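Structures follow.
What follows is a pair of complexes built around subunit A, which joins subunit B in one and subunit C in the other.
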Partner chain A sequence: MRREGSPWTGAWTVVAKETADHLTSVRLRFLEGLILLAAGGAVYAAIGRIRDTVGRDPFLFLSLFTVAREPLPSFVVFLGFLVPLVSIALGFDAVNSEHSRRTLSRLLAQPIYRDALLIGKFLAGLVTLAVAFLTLWLLVIGLGLLLVGVPPGGEEVLRGFAFLVVTVAYGGVWLALAMLFSVLFRQQATAALASLAVWLLFAVFWSMLAPLVAEAIGPAQPTPLAAVERSEIQQAFARLSPNVLFGEATLALLNPATRALGPVFFSQLEGALIGSPLPFAESLLLIWPQVTGLVAAVIVTFTIAYVLFQRQEIRA
Partner chain B sequence: MSAPAAIETRALSKRYGGFVAVDGLDLRIDEGTVFGLLGPNGSGKTTTILMLMGLTEVTSGSVRVLGLDPVRQPLEVKRAVGYMPDAVGFYDDLTARENLRYSGKLAGLRGEPLERRIDAALSRARLVREADRPVRTFSRGMRQRLGLADVLLKAPRIAILDEPTSGLDPQSTHEFLDMIRDLKAEGLTVLLSSHLLDRVQAVCDRVGLFHRGRMVLEGSVDELARRVLGGGYRITVEARGADGDDRGGLAAALHAIAGVNRVERSPEGALRLHADRDVRPEVATAVARAGAALLGLGMAAPSLDDVYTEYFREVRHAA
Partner chain C sequence: MRVGMHALALALLLGLAHATAAETSANANYKGIWVSTPYPSFDAGAGETVTLDLTVHNAGRPPQRVALAVDPVPQGWSAVFLGEGKRVQSVFVAPGDKATVKLRLEPSGDVTDGAHRFDVTASAAETRFTLPIELTIGASLPPKLTLKPELPALRGSPNTEFDYKVAIRNDGGDDATVRVDAAAPQGFRVKITEQYGSQELTSFPLKVGETRTVSVKVTPPFGAKQGSYPIAVRAATGRTEARTELAMEVSGAPRLELRGRNDLLSAAAEAGEETPIELVLANRGSAPAHAIKLDATTPSGWKVTFQPERLDTLAPEATETVKALVVPADKAIAGDYMLTLRAVTEGTNESSDFRITVRTSTLWGVVGVLVIAAALVVLVAAMLRYGRR
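Here is the complex of A and B:
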């Protein structure tokens, strides 16, 4: 049975309204303030250390993002931690708040499909994330220009921009997850807690679980080959976490000297100039699986939310 | 029936798992009429409405709204039909005007025509002065009127109102029913559902009585009254006996009048007569002859409440 009309009817109206809601919401202001404080602190601390190496590091600007000074973690680590929080805040009440405000049936009585509502809300979240991160990114670069006094090179801008794109994709995973829970749970508090539980699992516990899993299902022999296999299992398991994918992708992007993201045999390094940077295209090739994984996670999670939403009864 | 049907269903059914919400509904609503879906909560009224709008899947049977199939052509149907849900909600932080603007844009309206429609809908719903106030400051009655403005905004051919008067005070209810009359005067088809019978009876051309997912009675209020109540006249007599409280004698005297079937005493002390014809002149004479003072004599129009109560009494007796 085919339905008539486009699922996109009205989607852009939803995007415009939801984006406006997000950008004016107190919730987002609060989180932006938090990120600005954390990221600003990290970058400022990094600049203090970078000043010593000006002239020696060809990728000075990228190190703004990655250099850390105790006790503060680096900008990238902060982002890996805070991006999910912002995304969850944007998505956890997407659908269930329409239920509880009793606006859902009125909206869906307009000549639009449910698709438009869900796609519109998701795109609005992505746009908001992109705007927020772009602003942050520009602020960091501005701060770097002011305090370091050296303009970024062409490749640095490219790598920085790719980093921005990866960050938005990473945020998209958490946005889709939060929206899935907002479809699944009628209570907004339940959806928020469920999203935060998953975030905590990946942010804190996943890295502890990975070695345990590798030990449990990997070969137990004390040979070097078995050790390699165990470490491969551990890495494969760890990579189920979007946080790990984001971490690896940013590592390769912002640290051009990164040549591999897994265990490497000495024989593979024969002839390599350790510490010399990879061209941008090579780094991109290196993280392609990570980026694909992130995008796939977004699509799969969103699709589950979409199917559940289509089948949901709209009456309370 | 020469007029085309605005809404037509055949053997329409909806099951949620094992629970039958709507069971083989045959409904026909002509264009330009006001139809009332009446019945207790949970009798299938809202489910029926959602199926008409294409907002929930049909288990079996067919629906046609203005000749369109809401399952396959939901956008076309929703363009022509305005729907006000039970306990309608709005975005509290937005003003009435902004809420309407969002609905209007979703309905595909833009720019100047949209603003004109918003102004017209607000004035029809008597919300012009409150137009730029956030909805969070609105009373229940104002929200309900904004709901009506939301329906009128897209200039629909059919307006479906689910429990439009529930939770309203008598004054607001009265105003709301007035607005529904205006809609009918403009030729709109109105389908409204309610469990408050006496208020709705005044505006409906025809009503359908729902009970456990089935439409058990359908017709105009008068028809239903004749069918269920046996077409009787109900006459209320208020009288004070000459010697204080001798109403037993009066009741007997009234019962003796030809055409009176039953005499009851209401809790307030008045006498209620069920008669085959209008016996008011004879009642007045009888009261005077019994030496009592006649305080009031009235004939009640058959009310849906009576129909409803009587019908479900019969159902219970039959069960």
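Here is the complex of A and C:
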């Protein structure tokens, strides 16, 4: 039976309620505390390094995000590691908790379609992520202003903001994936474990798998051309991982001297001014495939979750 | 009568000749005390203090004291005898010996021009000798300087140093301090040094009859126009001066300048696409440049052509707009590349480094947007199929 009206009726109500729940949940506070500690420590260490070498970098503010001091990794590396955790924590029990609390039928008895429920939950997660990262971003900038004492330039702000957007998109991928598992598995623990398994796979093992795959399916001849082809296969395989996409995107955004992300032939470097910063538009163009890849992954994963959820029997 | 006169003249001549011969023989056994000076009559400048060397001789006379005096001392003069720096009134001479003494004649302000006579008398016990000295004021040799350039005209390019040797000679009657200077057209740098040396000088002492060669080094200003320039050298003392003119012929040279429009040295170009860059070729030199060829050093895979490829002539201070068509390599990566563009002409070449920012095609950006659009289409299709449950 086809129903009448807009499928989005009530979506904003869901978004508002879920966001409020997220922002007041102990779980999120716990995770934010973890991120704050790790990222704050990384930035503080970075500022210590920057102070020693002040004045050398025209993009001083961006180096807040990328400079690392032993033994702490840089802010960006911390984020690449911790953003999936926060997203998974927000999404792994989105749907199955409603099942287990037996609130789903009661919820859908309201004039709210399933469409609105799922997209509302997803948007709420995304808003929460955006709020959390924006706060963190502002915190870093504020800390930089306070401790470095140099205001950021226009292009630095632009690049920093693009970095924020990319981070939210990266979080969105993991949020959509966690929600997919929450639709797929009735058990919350299973969904959480499945999400964490994927996270581990991409965060730790993917970089080890990529060369193996390249060797397995690439040409085996010991010629330079074959080597180039192998490295291209390896890179293409590695780029299936959202972590790699995020890493490449942030590298090009936060380090304006990055001019290429793949292997570069020596002839391409002839006459090139190494270390001269790329204009922002060119950097954006360079990482556009990565950004669109992330955004498309969000949409596709969400679509799968959506289709599965719509076809699910929920009157159990 | 007339014959008598002749005879008398002859007799006088004969007598004179006789007397000379007699004197030479008599000189050896001349006995007496006398005073001598090498130049008993001379000229002196007005207000000048004159010092004469006097020698008192004693031949065959007993050793004795000889009193010296100037008598009469003309109006306005003071005469002093000096012996080893002290005022003396007399000298002592042994037989066959001589004593030297200086006579200083000092005029006061109101001494007039003309001849002045001083009689120096030496009075001994039994004899008295008078030496008349005549001093003429106002007839001394006038101060005079001559300047003689060794090579009065030189020719060279605007960036050479022109080195003239000028000999300065004091032809006057007095030692003098000579001041040298040279006047050159505006912007020309003049340095006057010793002939062999780098020390600059403005003045130096020059004795009577002495010659000194100085070196006048002139550097034309940067980009001096072709032409002939006069350099006036002047040497002066307080009382006289001498001038000479040196000719300096500056031959011109072209000097090219290659810049972008509005002096830009950077441009943006898309990889694999032809991008025109407007260049301004200027001749900032002093002579026209002929047969200018435009050329470029590029990274491999790049192509640069010029429109036009060559210029026949470019007058000084003239500019010409040239177009460079830059095609970055297809595989060029985004970012800055260095490109050297050159204008070459006879004897000079000018190169400019251009910074070309390579932009990559936005085609892949569009593809990315299409990918997102496709994902959205899938989502919308799923919603249409399964929506509103």
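In this text, the second predicted complex is superposed on the first by the 313 of 316 C-alpha atoms of A that agree within 3 Å, B and C clash if a C-alpha of one lies under 4 Å from a C-alpha of the other, contacts with A are read in each partner's own complex, and residues count from 1 in each chain.
One rule holds in what follows: a contact is a pair of C-beta atoms (placed from the backbone, for glycine too) under 8 Å apart; a residue touches a chain by one contact, two chains touch by 3 or more.
These numbers were taken from a predicted model, which means no experiment stands behind them.
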Exercise. Mind checking the superposed model to see whether subunit B and subunit C fit together on subunit A or clash?
Key: fit
Quiz item: For A:V295, is the partner it touches subunit B (first), subunit C (second), both, or none of the two (neither)?
Solution: second
Exercise. Considering only touches as defined above, state whether A:R29 meets subunit B (first), subunit C (second), both or neither.
Key: neither
Quiz item: Which holds for A:T103: it touches subunit B only (first), subunit C only (second), both, or neither?
Solution: first
Exercise. Based on the superposed arrangement, let me know which partner A:R315 touches: subunit B (first), subunit C (second), both, or neither?
Key: first
Quiz item: In the superposed model, does subunit B or subunit C contact more residues of subunit A?
Solution: C
Quiz item: Anyone got the angle at subunit A's C-alpha centre between subunit B and subunit C, nearest 10 degrees?
Solution: 160
Quiz item: What is the contact status of A:K17 with respect to subunit B (first) and subunit C (second): first, second, both, or neither?
Solution: first
Quiz item: For A:Y113, is the partner it touches subunit B (first), subunit C (second), both, or none of the two (neither)?
Solution: both
Quiz item: In the superposed arrangement, does A:G5 touch subunit B (first), subunit C (second), both or neither?
Solution: both
Self-check item: Where subunit B and subunit C come nearest after superposition, their Cα distance in Å
Solution: 7
Practice problem: Could you tell me which stretches of subunit A are touched by subunit B in one complex and by subunit C in the other? | Solution: 2-5, 113
Quiz item: Any idea which subunit B residues touch subunit A in the complex?
Solution: 16, 46-47, 50, 53, 55-56, 71-76, 78-79, 81-85, 87-92, 102-103, 105-108, 147, 150, 154
Exercise. Enumerate the contact residues on subunit C facing subunit A in the complex.
Key: 298-302, 329, 331-339, 355, 357, 359-360, 362, 364-365, 368-369, 371-372, 374-376, 378-379, 382-383, 385-389
Exercise. Note which residues of subunit A are touching subunit B in the complex, please.
Key: 1-5, 9-10, 13-14, 17, 101-103, 105-113, 313-315
Practice problem: Can you check the complex and tell me which residues of subunit A touch subunit C? | Solution: 2-5, 7, 113-115, 259-260, 264-265, 267-273, 276, 278-279, 281-282, 285-286, 288-289, 291-293, 295-296, 299-300, 302-303, 306-307, 310-311
